[in-house]
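The letters A, B, C, D, E and F name the chains in turn, as written, and every chain counts its residues from 1.
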Amino acid sequence: MRPSGRKTDQMRKVSFERNFSKHAEGSCLVKFGDTHVLCTASLEEKTPPWLRNSGKGWVTAEYGMLPRATGDRMKREAASGKQSGRTQEIQRLIGRSLRAIVDLEALGERQISIDCDVIQADGGTRTAAITGAFIALHDCLKWMEARSMIKVEKVLKDHIAAVSCGIFASQPVIDLDYLEDSAAETDANFVMTGSGGIVEIQGTAEGKPFSQEEFLTLLGLARNGIDELVALQKQTIA
Amino acid sequence: MRPSGRKTDQMRKVSFERNFSKHAEGSCLVKFGDTHVLCTASLEEKTPPWLRNSGKGWVTAEYGMLPRATGDRMKREAASGKQSGRTQEIQRLIGRSLRAIVDLEALGERQISIDCDVIQADGGTRTAAITGAFIALHDCLKWMEARSMIKVEKVLKDHIAAVSCGIFASQPVIDLDYLEDSAAETDANFVMTGSGGIVEIQGTAEGKPFSQEEFLTLLGLARNGIDELVALQKQTIA
Amino acid sequence: MRPSGRKTDQMRKVSFERNFSKHAEGSCLVKFGDTHVLCTASLEEKTPPWLRNSGKGWVTAEYGMLPRATGDRMKREAASGKQSGRTQEIQRLIGRSLRAIVDLEALGERQISIDCDVIQADGGTRTAAITGAFIALHDCLKWMEARSMIKVEKVLKDHIAAVSCGIFASQPVIDLDYLEDSAAETDANFVMTGSGGIVEIQGTAEGKPFSQEEFLTLLGLARNGIDELVALQKQTIA
Amino acid sequence: MRPSGRKTDQMRKVSFERNFSKHAEGSCLVKFGDTHVLCTASLEEKTPPWLRNSGKGWVTAEYGMLPRATGDRMKREAASGKQSGRTQEIQRLIGRSLRAIVDLEALGERQISIDCDVIQADGGTRTAAITGAFIALHDCLKWMEARSMIKVEKVLKDHIAAVSCGIFASQPVIDLDYLEDSAAETDANFVMTGSGGIVEIQGTAEGKPFSQEEFLTLLGLARNGIDELVALQKQTIA
Amino acid sequence: MRPSGRKTDQMRKVSFERNFSKHAEGSCLVKFGDTHVLCTASLEEKTPPWLRNSGKGWVTAEYGMLPRATGDRMKREAASGKQSGRTQEIQRLIGRSLRAIVDLEALGERQISIDCDVIQADGGTRTAAITGAFIALHDCLKWMEARSMIKVEKVLKDHIAAVSCGIFASQPVIDLDYLEDSAAETDANFVMTGSGGIVEIQGTAEGKPFSQEEFLTLLGLARNGIDELVALQKQTIA
Amino acid sequence: MRPSGRKTDQMRKVSFERNFSKHAEGSCLVKFGDTHVLCTASLEEKTPPWLRNSGKGWVTAEYGMLPRATGDRMKREAASGKQSGRTQEIQRLIGRSLRAIVDLEALGERQISIDCDVIQADGGTRTAAITGAFIALHDCLKWMEARSMIKVEKVLKDHIAAVSCGIFASQPVIDLDYLEDSAAETDANFVMTGSGGIVEIQGTAEGKPFSQEEFLTLLGLARNGIDELVALQKQTIA
């Protein structure tokens, strides 16, 4: 029995609030239950140094948590003077995931910076961030298309979404909330495209090692969840 | 004529959304027009080192902006490794302002940390932050009172609110938005209590120096605006 | 009764020692009683990036305290790896104050960096710094005029000086020393030009809030004090 | 055809040089072909703060590269003042992997710090580091057993080893060297125990997404490779 | 011919101004010609962690330069966020030199922190700092003796002073000023006690290597100079 | 009697292992007994900013220690976020020493970066580093000569080597190991060229001051030791 009463293959209620931010070229407040992440996409007419004169653009991401997004207040990273290893790991993951579905040549020599800021956390912030960042990125590209800078269909090759799965109380379950996450024996994050390709898999045994069979069950759960998320994305941007 | 069409003594629409955050002991999303600041109050059973065994508590504040809260994306302070001078100046102001209406002995040896995070900026973030932080602080104290830790009426001595005034296009106006703020000749922030006492005054000539008369006009505008804000706070927590 | 025996409207003995430094284009050791600040003005043939090709120059300031300028030794900021919020707040104030009386176009694309280093502290270091920095800046401009780079009268629009006032033992007094500053109920810093314009006002209630009347009394004291300081500046550079 | 001429399921020559360091309680220079990593295990009679008085110990890891371990010289992290996101990600992975096979209660309130320093890099430094760190950890525990501090068989629950697999030139291959790694379409790292349990899986599509079938092929390659590595570990410590 | 017209064995005019600082337990403004260093000694009732409960005290030093102490303005170390290698090297040298003449057991479990801040630089700042720091340290110990904390004669075992010598225009000369220092072929710093013992020698070939004979000539010059400095110290504290 | 049983003028066994690193243009693992330092020379087609368009090149050095190179594990400098004063002092010494024997004009506008990383420490790491760095530098220059970039004989003016000497148990001894180093009364490092010129002398009294005679004895020991080291270098690169 899951603490939330959900079925093992049941995700939390997911919603996307587009245009949450007045200033950003694209933005989305994504909610996976009580996990709320604000994703903004900022277009910048510059590229990282190693891409200058390459004809290619770049998509990068940064991740942060408000200090009281969590049950106990966490130290503000700006005040402690550095981003934690966890923060860096997550923002690298978000960036890689988004670049997997973007044609960087079609984007041209520009950078889109995705900021994913967790307003409230209840487990699964990185997977919510990736899923919501897709909407922000899409809307930024639409903004550019409206200004004849690019064609969205040339730049955006597919959908991208992510979900966590894990083994909680010996049961494979999808979309772990904080209570489940803290007690899970195995925790895995999956990032997949709309057409079912796998972009990232990260599986970690928190307690005892897991078997190939268990892992395949998690992968199956994830595949269904991501199908749902992509359907919801499509409906949102339709 | 103000860019927003407001009258010189007309504030933007102000609203408080209490309990915005699931985890914090007190929280409030305050909006001054398009300026949106999330204020959370976190109770911590510790005090700064210099207050140990003094019987007194502490109220402190931190301030941050999401990178794309502004028209152009700003560098994330956590990534650049330090808080700007502006950030530190503002968070010191918020902390001082709140301590002015708190009886630190009645609070007891505990710390309340107020986090003010700007979700969207359109001028006046520091004054919105102070005004909204009052609600978060109040609700945190209520939470404590419900657990018999303190009496709110003993700890909270008064209301506190803040507003900016300035001279824009040679006219004294209240509650400057970003367009006005960038072009103002003089910019002043006022922090006052519900009973009309002045807690902080910060006036800066951005262009030519200002006169005592001009300053008194701004002060008069501020007094009226703060009366309105306090009335709204009272209605909110009633 | 003030600890120093001064009258409520009596400033400490103020002196300026010009050309204190052999290397700087302008320099001044300013003393407000036992508060001693070395101000140097350094001409640099560069501007901040945002002014390149604008035809305008810049005046900026940095502030520091020797570790044992104070009663107890303070940690060296260079060793702790960052400037405190207080330091940044003060150096931003000094820079803004000086820019208020400089015609940045007449200066041309150059930067003058003012360093204000507190050799000995006894309250009022920021106001002494601003008042002394004026002399250093003036002498730097004279140095430039002697090399036909600018006309002082075109660049320097007015005098600038500053003084603190506060309510100590229920009495409004001017130019607080450390003993008064630590016990003051209200503390305010005023920066004004030679022609009486106000450039900066910073008033803070340290204990109970202050009233408009009290504030106006402090402003009146400041006005007289700054008149004295400007007279002394004029005599110094005559 | 692999650049090294290896077969798709053929690992590089792997060797362990025990007791490489005179001072460490356990140490091992591990070589996966031209990738050389020095692993040392340091026993410290302290634990992280959150474990004090818990009766449990801790195993942690740090990772570094000598600046010229790579084809082009990389900036020294100590000189640039921080560890990169990649470094932090890897050292967190190594620590988690080792803790998966250690009984922290049987270890007692002590910390073992594993340092993995890459002397020469040719792809697969993190997997070599995990595999070599096992030997260093084992030898440190043996050192402790010789001093009657613990029983190795109580503390060390299993073997742990790691290998990378990837899709290179459309072929699934094991143990990628640098040339393969830079050109791989998919790159995955697997960490498994001696008894075949999975501890970590990290799969990343560098170019186009990968399918479940491809991933299972990589997992099969990894399983065989890790069996070989564990056999070699057993032979080494026999 | 030396740029200053001095003879090869002639030092600059040296002076000590005691009690320069109102707050410090001991202080001295030392001048070696145009090199001016403010040395303060601060007594702190604590010791570094590694001396706790050892019965021993500690003497440590920090060194800094005001940004415009030099011909060109240097970046403020507090603003750039770290002390340069040169600064650290110098402050370690000053600390070692002073500890060489202090009986740390007779001092008791206390720390004396010596701050050497260069107000104006014209070569030889580190040797001036050591020589002046002796006076500040002495006066701090006198302050302690007046409070019956220690006996100066038990704590202070000898005098300590320092001078630079170098080969300039093929001539061995003493006490190099900036012009000489920048052009010297060899540069050496000597720290010696009042009784002629050598505490530190640092010799560096800036251009071509130097011979043993040249080095001995420099050592001879230094010995005479340090005799003069110690005589002047004695006269100062008499 | 020395702890190692060596005679007072007997160095530890010294060896050079060339081409230790696959990637570096020149590399050498130097051993002075149990002190092992990996020196790599990296050619970079750039110069420091102050040498641009000067026709001159540069040789610089960085120094580091693996955390468990020492008897107790030391904090990793990359993790603590800065290089210690000791590290910076040593790497500045290595750089100066190497530049003393290089004709920077003959090198041309390029930089050679020498990394000296201590794999295992037993006293004398800086002198071993300098002595081994010569081999790495030489081999890097040979690599360049093979590509017709320079002539080694034009760039490399002499050999350079270094050794420590000290007074241990009242006896002047050469090449102190860690046990001697920790207990030495005087510790001196000497850097000399193959033709006997002195490049650096650093002598420090750890306990009581030393006399000129003692210092000359140490210098004599060093001269013989460096002759041996240079002979060994010649044999190595023959």
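Keep in mind that, in the parts below, contacts are C-beta pairs under 8 Å (C-beta built on N, C-alpha and C of every residue); 3 or more make two chains touch, one makes a residue touch a chain.
Note that the structure is a prediction, hence the values are computed from the model and not measured.
Common neighbours of chain B and chain C: there are none. Comparing mean CA positions across the assembly, the chain most remote from chain B is F. Comparing the contact residues of chain A and chain D by number shows a mostly shared set, over half of all numbers used being common to the two copies.
Farthest from chain E, judged by the mean position of CA atoms in each chain, is A. With centres set at the average Cα position, the gap from chain C to chain D is 59 Å. Look at where the CA atoms of chain E average out and do the same for chain F: the two points lie 28 Å apart.
Centroids built from CA atoms put chain F at 50 Å from chain C.
Within chain E, residues 81-82 each touch two or more of the remaining chains. Order of chains round the closed ring, starting at chain B and going on to chain C, comes out as B, C, E, F, D, A.
Here chain C touches chain B in the complex through residues 82, 84-86, 88-89, 91-92, 96, 100, 188, 192-193, 195-205, 208-212, 215, 219, going by the rule given at the top. By the touch criterion given at the top, residues 21-24, 27, 34, 38, 40, 42, 44, 62, 64, 66-71, 73, 76-79, 81-83, 87, 113, 115, 117, 119-122 of chain F touch chain D in their complex.
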